[in-house]
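The next part holds the structures, each set out as structure tokens.
Shared between the two complexes below is chain A, which pairs with chain B and chain C, respectively.
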Partner chain A sequence: MLLRHTTETIRERKALTVNPAKTCQPIGAMYAALGIHGCLPHSHGSQGCYAYHRSTLTRHYKEPVMAATSAFTEGASVFGGQANLLQAIDNIFTVYDPEVIAVHTTCLSETIGDDIPQIIGKAKADGKIPDGKYVIHTNTPSYVGSHVTGFANMTKSMVDYFAEPSIPRGKQINLIPGFVEPADMEEIKRITSVMGIETILFPDTARVLNGPMTGTYRMYPEGGVTIEELKRTGGGMATVALGQAASGAAARALDVKCKTPCHILDLPIGLHATDRFVDTLRRVAGVNVPECLEFERGQLLDVIADMHQYFHGKRVGLVGDPDQLLALTRFLVSIDMHPVYLVTGTPAGKKFKSALREAVKDVPAEVKIQVPGDMFLFHQWIKQQPVDLLIGNTYLKYIARDEDIPFIRHGFPILDRVGHSYFPTLGYRGGMRLLEKFLDALLDRKDRDSTESGFELVM
Partner chain B sequence: MSSIPILKERQQQIHRTGEEPFTMTCGQHSVAGSVSQRACVFCGSRVVLYPIADALHLIHGPIGCAAYTWDIRGALSSGPELHRLSFSTDLQEKDVVFGGEKKLYRALVELIETHKPKAAFVYATCIVGIIGDDVDAVCRQVSRETGIPVLPVHSEGFKGTKKDGYKAACEALFKLVGENPVDSVSPRSINILGEFNIGGEAWIIRDYYRRMGVEVVSVMTGDGRVDDVRRSHGAALNVVQCSGAMTYLAEMMKEAYGIPYIRVSYFGIEDQSRALYDVAAHFSEDPAIMKRTRGIVREEVGRIYPELQTIRARVGGKRAAIYVGGAFKAFSLIKALRQLDMDVVLAGSQTGNDSDYKTLRDMCDDGTIILDDANPLELSRYIIEKRADLIIGGVKERPIAYKMGIGFCDHNHERKIPLAGYEGMLNFAREVCRTVTSPVWRFAPARQ
Partner chain C sequence: MAEPARSNTIENVLDGLNPESVKTEMLSRYPTKVARKRAKQVVVNRIGPDGEVPVIGSNIRTVPGLIGQRGCCYAGCKGVVLGPTRDIVNITHGPIGCGFYSWLTRRNQTDADASTDGHNFMPYCFSTDMQDEEIIFGGEKKLREAIQEAYDNFTPKAIAVFATCPVGLIGDDVHAVCREMKDKLGINVFGFSCEGYKGVSQSAGHHIANNQIFKHVVGLDDTVQQGDYKINLLGEYNIGGDAFEIERIFEKCGITLVATYSGNSSIDQFANSHTADLNLIMCHRSINYVAEMMEKKYGLPWIKVNFIGARATAESLRKIARYFEDPALIERVEAVIAEEMPAVEAVRSETLPRTEGKRAMLFVGGSRAHHYQELFRELGMKVLSAGYEFAHRDDYEGRRVLPSIKVDADSRNIEELEVEQDPTRYRPRKSPDKIKQLTEAGLPFSEYEGMMPEMPDGTLVIDDISQHESDIMIETFKPDIFCAGIKEKYAVQKQGIPMKQLHSYDYGGPYAGFRGAMNFYREIDRMVNSRVWNYLKAPWQESPELAATYAWD
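Up next, the complex of A and B:
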């Protein structure tokens, strides 16, 4: 038993996180920055930070992940990192020639108190930033929030730096997809495209972190939102943001800065959330929902109807980031499953916790919720009373193995499987894929555990 | 791609063998703004100490450092698995303002009470160094109260390179050495240093020495145990693998206990055999050891040789690029690849020193590219220029290789099978063969 050290008795821990269900801000900022075309993310801190972020993103996407670092030394930590960042900006434009450098801070540079806008200003004044190129920044202290906060902060910085209030109001809708897979971003664009809506989606990691094998190594793959598009978000008719935790800040900033009214929705996971997404788009863009989407919706409903017997009453434990956790929980409740243990590592606040509580109010079982919590506590709950299905990132595999529970990988990071970056779980089609995964896991288990006489061919 | 400029500061870190003069600059901190493949001090300490399975490893800092190093590489244990959990003080903003000492104290006491480890390592991360927590004092206090060694590891990320992290780890380990009685230790005994049992290598090597009649007192740190480290000063010889990681501890043990050390590599037939013969030679007063060693080498080589010949015929003449952490590993890889009749066209490391690079130059054929602390653009540029068929590297190099349509072999954290020892050589040959002869490359668009 790999987790034999998990104790069954729960005692309150005040000073300690064991087996975290989160990581630190900078990696989220790095991921968001990779969703700008021609962007080189830059980590203003020690060399280790960006090495870990790059390794983790590489393991998750199985793609090259580029970023630069200020490579702090003891001197920089005493006298501030200005010299390092100035040299870095100069070197990066000379050698790697990106369109934009997206600087994020670390616990180290935050604690020292480096003033990044001032340093960027100095780089500009010294002529280190070539014409037509940009350096943007966001603050991502690792001791606040989580990787989701870092993603939200960098996405908001895209608005702060680029969105132009003076651009005349256009027809397009701004879409902020949240901390989701490249495949999900692609799916959102497909949905809006079949609805005939002009959109700008940011950040956009599709075709950046799920690209084809071409025989060449490209430092800047073809995908990503362009600077030009980011500027035009200021003239958007409206902004539709998915996920309060990852996208709320940017949507509100755009509303304040450019008077672009925002609609902050759940991630469109499952039937109802996708309905609300599609309906919001229909209303703000003044279009009709095309038949093909209604068809997909009908198919999703069809799968739920066909297999509802197998979903009924199944106890599910979920560990995930706030936006995913809430949307998945609502989806599970809607198909008659019982999400009973809910944990996110992100300190997402009381409002979030009450939204979760509200989502499970009709579940006829005791539902345990911990915000922020960790996987050690989650495992202790399971030891006390098991579940039928686990949903979460790869780190749940230890619990799945020890407790012999079917497990579906969803969220970040997924270090041991492929597919997540190619096949969406958002939208009606994404919902069908999730159902397929639920059923595969549950029915494989049923087949394995059935008695010989109870073993069924047709299910 | 071939026109990418090289940073002026980096020109001295790249050499083409056969060209003069040879002035390799290395051991330097990476240039700010570089896309280096290197990591930090904390990373160095963490990888060295992590395999000690019955110790508590508590990371004092914000959550990231603990999250990214949670079971990221195999460090196989034949017993406890405490090291595979991730413990963090998860410092928050208020801790950064008011200090994290109380939190650290409470976390340690709580964990030691729950898990009853044999010792605890406390890793100081970047901001601990900045906010000025007195980690040493907290460790001393907890050690007094709980009766187990609680060892601070000064691994603040910015305090140097990964190598400095190895050093910090060695200093922590050294505090354990000498704590237990050594009466039962044989005079024909060794410690294995710098072997981390990522894929089960420590078990293979331990077994060779056992068959030779040599007692292995401790492996530091593969499948490591606190009590073994505490009596490791009873060994007659330290056998150190890898250039950087644990030579420092061997030096300290030589100084304090007069234990001599030799440097070895367990990779490839030639180096593995030398690692056994050198130990046997050290115990020359017992000729039976050398006799048994010859027998083992004969038997083991005989076992793998026929299949190696078959593989050699399939991969012979293919070109390989090596980019690894320590240069010492590169030496062994070059020899092992030669055994397979492959050509090494590029050899680089993240942390090599001057004499390492001289050795590399002398080992390699003319025209081989030698790189220190390379970035992905440089790597891909030279790999294309040299038309490599295989890249040997770590996690960040893998997708670059695959994007270019080139075979890849992980010789770092993510290897799943042991590559050390004789059977390790066979595993390596099989893996190289699998990847360079994979049919997928036939479908790869032509490299530019």
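Up next, the complex of A and C:
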């Protein structure tokens, strides 16, 4: 057994987290910053932070992940990190020439209270920021929230630094995709493009973290939202934000700063959430939904109906980030699966917890929810009563193997498979891909476990 | 296996390029002050008549903003040295990230069923997940509770606590909490002040780990184990099963392994390790402190070994045999080498025609950039350039330079333990005369010659290489293979050059010992001769001219 010390007896824990279902803010800020074209993320902390974040993002994407660090030493921790950050800004623009440096803080620099805007101001006054180049920042204390919070904070900072109010408003709609894969961002853009809607999507890691091999290495790949576009978000017709936890803060900030009205929706996972996404776009932009999207919707529904017998009543355990967890749960319930164990490590609040509770109210089984919770508790629940399917990040594979449960990788991080960066799980097509994954896992198991006489050719 | 010829003429070392001009070009992009600093860490190797090599700047601060490979003190302590020990509950005291990122990511394998109690906490991540209220009001209370909860849930025989950056800043006394809980629970509980900002790299964390293990664990169990030729293997972390292969070879030779620091290890082995008769050091950088302290306190000497490379493995086994001065062991070791080598040689001679003359670069770790040059030599490949991520001058230039290393402020902050001879347990394993005699016969003690004396004149040695510098190296030389870590991997491969991870082995291995050497030969052969690197151009990019028009004229 891999997790041989996990037993079904649950003892209350208040202080010890075991097998976390979250990580810290800065990595989310780094990921979001990579979605700005020509941006070099910068970690204002000790070297370990950026090394860990870059390593984890690289293992997840199998792509180069560049970022810089203030490389705090003990001295900097005592006297403050201003000298380090000033030197870093100078070196980065001289050596690596980005369009923008996106600084995020760490538990170290937050604890000592470094004032980043003041340091950026000094860099500017000292002439260390070349004309037309930018340094932005966000505060990401690791002891608050999770990696999702960090993503939300950096995305909000894009608004704070760049969005400019503009009257008359342009025709475009701002889209905030949430902490999702580059492939999902591409899919969102495809959907809006077939609807004929002009959009600005931010952050946008498509073509940044799923790039091609061409024989040359580009430190700043072709993808990413440009500064020019970020400025124009203030003059957008509306903002559609996907996922309260990852995108809500930026959407509201844009509303406050530039009076751009915002619609905060679930991540478009599955039929209904995608319906709401498409319908919102239709109303806000005043366009018709093209036939091709209706066709895709019909295909998704077709798979649901055709294979419903294999979904119905299946007990599922999910560990994920709040936006994914809520949207996936609703999708599962809609196809009559039974999401029975739901855990996120992110402290997403009471409202979120009641939304989850509401989503499963018709599930005819006891549903256990822990917000924030960890994978150790999740595993103990499974020990008490097993499930038919697990959905979550790669760390769940230890539970999947020990308990011999089919497992689908979804979320962050996925360290041991590819595909997530290339093929979306959002939208109608993404829904079909999810169903394909569910079916592959469940039916492979059925094939493995069936008797010889009961072995089916056609399913 | 014959000693491969080493080329020593500067002209053919760096593809005919002048190493000094490559260096100048590399540093030209930097601001003046940065260039001046980096110039000390980018060195053209020259071997003097006595084997002395140029001074290289190392174990010094990374320039903020340069983008490098290094991690932090916590990573070196919790991740590297203590990570591979299966039966300690390692609690990270801090916000969640540090514990999360060091959870199972280093591929330390372990055989949990080798311990009678079967304890294995390595697949678990334990953290106090500090929140802002603990940052404001202090985290000692939560740590105390977390240790209690770890005990209640897991009943381990030892709990270790690792401090992260904010813990040191807010002044939590992890050691006091550990002492208190040790008394309360009656098990070993000890802490590490390995805050990420300490030192200039992982290296500080190795030192802190060594100190605390020595202080809190080594010497707790005086049971002398059964078996002949008792040794400890230090600085071998069982990435990809390396330690398993070395254990196999020791067993075959009849050598008794008391403890490995720390691949496939149990805390019980550390407690007992002072009863061994010889310490073998693999990774000098991360573990020499424990060896030095053990020698001082208990009297067991240490020698440097290297089990990376078949020839190096054989040589290391011979060193051990010579130390024990027993003809039976010497004979057995020779028999094992004779038995193992034909298979190795068969794979080597099969791959050699395809690897010979290919060019490699290695920028990794604190010993691997040196050790892996053995394997590349066995493959007939040339190493154009190499460097460490977090090593010190002695790892580059040899321990002969130790007296001349200036201790700077960053290193002075890392505690040096005062160690004295143990009044009852100090037992010199060899008399000074005997040590002298063995040294003269070619078995040096407490000696590591470093990487540079083994590299040809004119090769570039680059300490703490930056992204910019590796870009220039790749652009200039287009090496046939580049070795570093995960963060460097895909930027290299985008350029159509295979990149081998020498931290995680790209999830392969083992590469140590005889079987490991064979694995490595095959792996490098696969990489440098793979067809996939030739697919970069689509047919229409190769020959864009149109052969016919779409519409008939």
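We take it that the second predicted complex is superposed on the first by the 456 of 459 C-alpha atoms of A that agree within 3 Å, B and C clash if a C-alpha of one lies under 4 Å from a C-alpha of the other, contacts with A are read in each partner's own complex, and residues count from 1 in each chain.
Following the convention adopted for this analysis, a contact is a pair of C-beta atoms (placed from the backbone, for glycine too) under 8 Å apart; a residue touches a chain by one contact, two chains touch by 3 or more.
None of the values given here were measured: they were computed from a predicted structure.
Under the clash rule set out above, the superposition-derived model of chain A with chain B and chain C contains a clash between the two partners.
Contact with neither chain B nor chain C is seen for A:T226 once the two complexes are overlaid on the shared chain. In the superposition on chain A, contact of A:R59 is made with both chain B and chain C. Of the two partner chains placed around the shared chain by superposition, chain B and chain C are both touched by A:I89. Once the two complexes are laid over each other on the shared chain, residue contacts for A:T280 go to neither chain B nor chain C. The intersection of chain A residues touching chain B with those touching chain C, taken from the two complexes, comprises 2-5, 13-20, 22-24, 26-27, 42, 45-49, 51-56, 58-59, 62-74, 76-77, 84-85, 87-92, 94-96, 106-108, 111-112, 141-144, 146, 213-219, 345, 376, 395, 398.
Residue ranges on chain B touching chain A, taken from their complex, read 1, 4-7, 29-43, 61-70, 72, 81-82, 84-93, 95-96, 102-107, 110-111, 114-115, 125-127, 129-131, 157-161, 376-377, 380, 395-396, 398-400, 402-405, 444-448. Touching chain B in their complex are the following residues of chain A: 1-5, 7, 13-20, 22-24, 26-27, 40, 42, 45-49, 51-56, 58-59, 62-74, 76-77, 84-85, 87-92, 94-96, 106-108, 111-112, 141-144, 146, 213-219, 345, 376, 395, 398.
Across the complex, chain C meets chain A through its residues 29-31, 34, 61-75, 91, 94-105, 112, 118-121, 123-132, 134-135, 142-146, 148-150, 152-154, 164-166, 168-170, 196-201, 409-410, 413, 466-468, 471, 485-487, 489-496, 536-537. On chain A, the positions that touch chain C within their shared complex are 2-5, 11, 13-20, 22-27, 42, 45-49, 51-56, 58-59, 62-77, 84-85, 87-92, 94-96, 106-108, 111-112, 141-144, 146, 211, 213-219, 345, 376, 395, 398.
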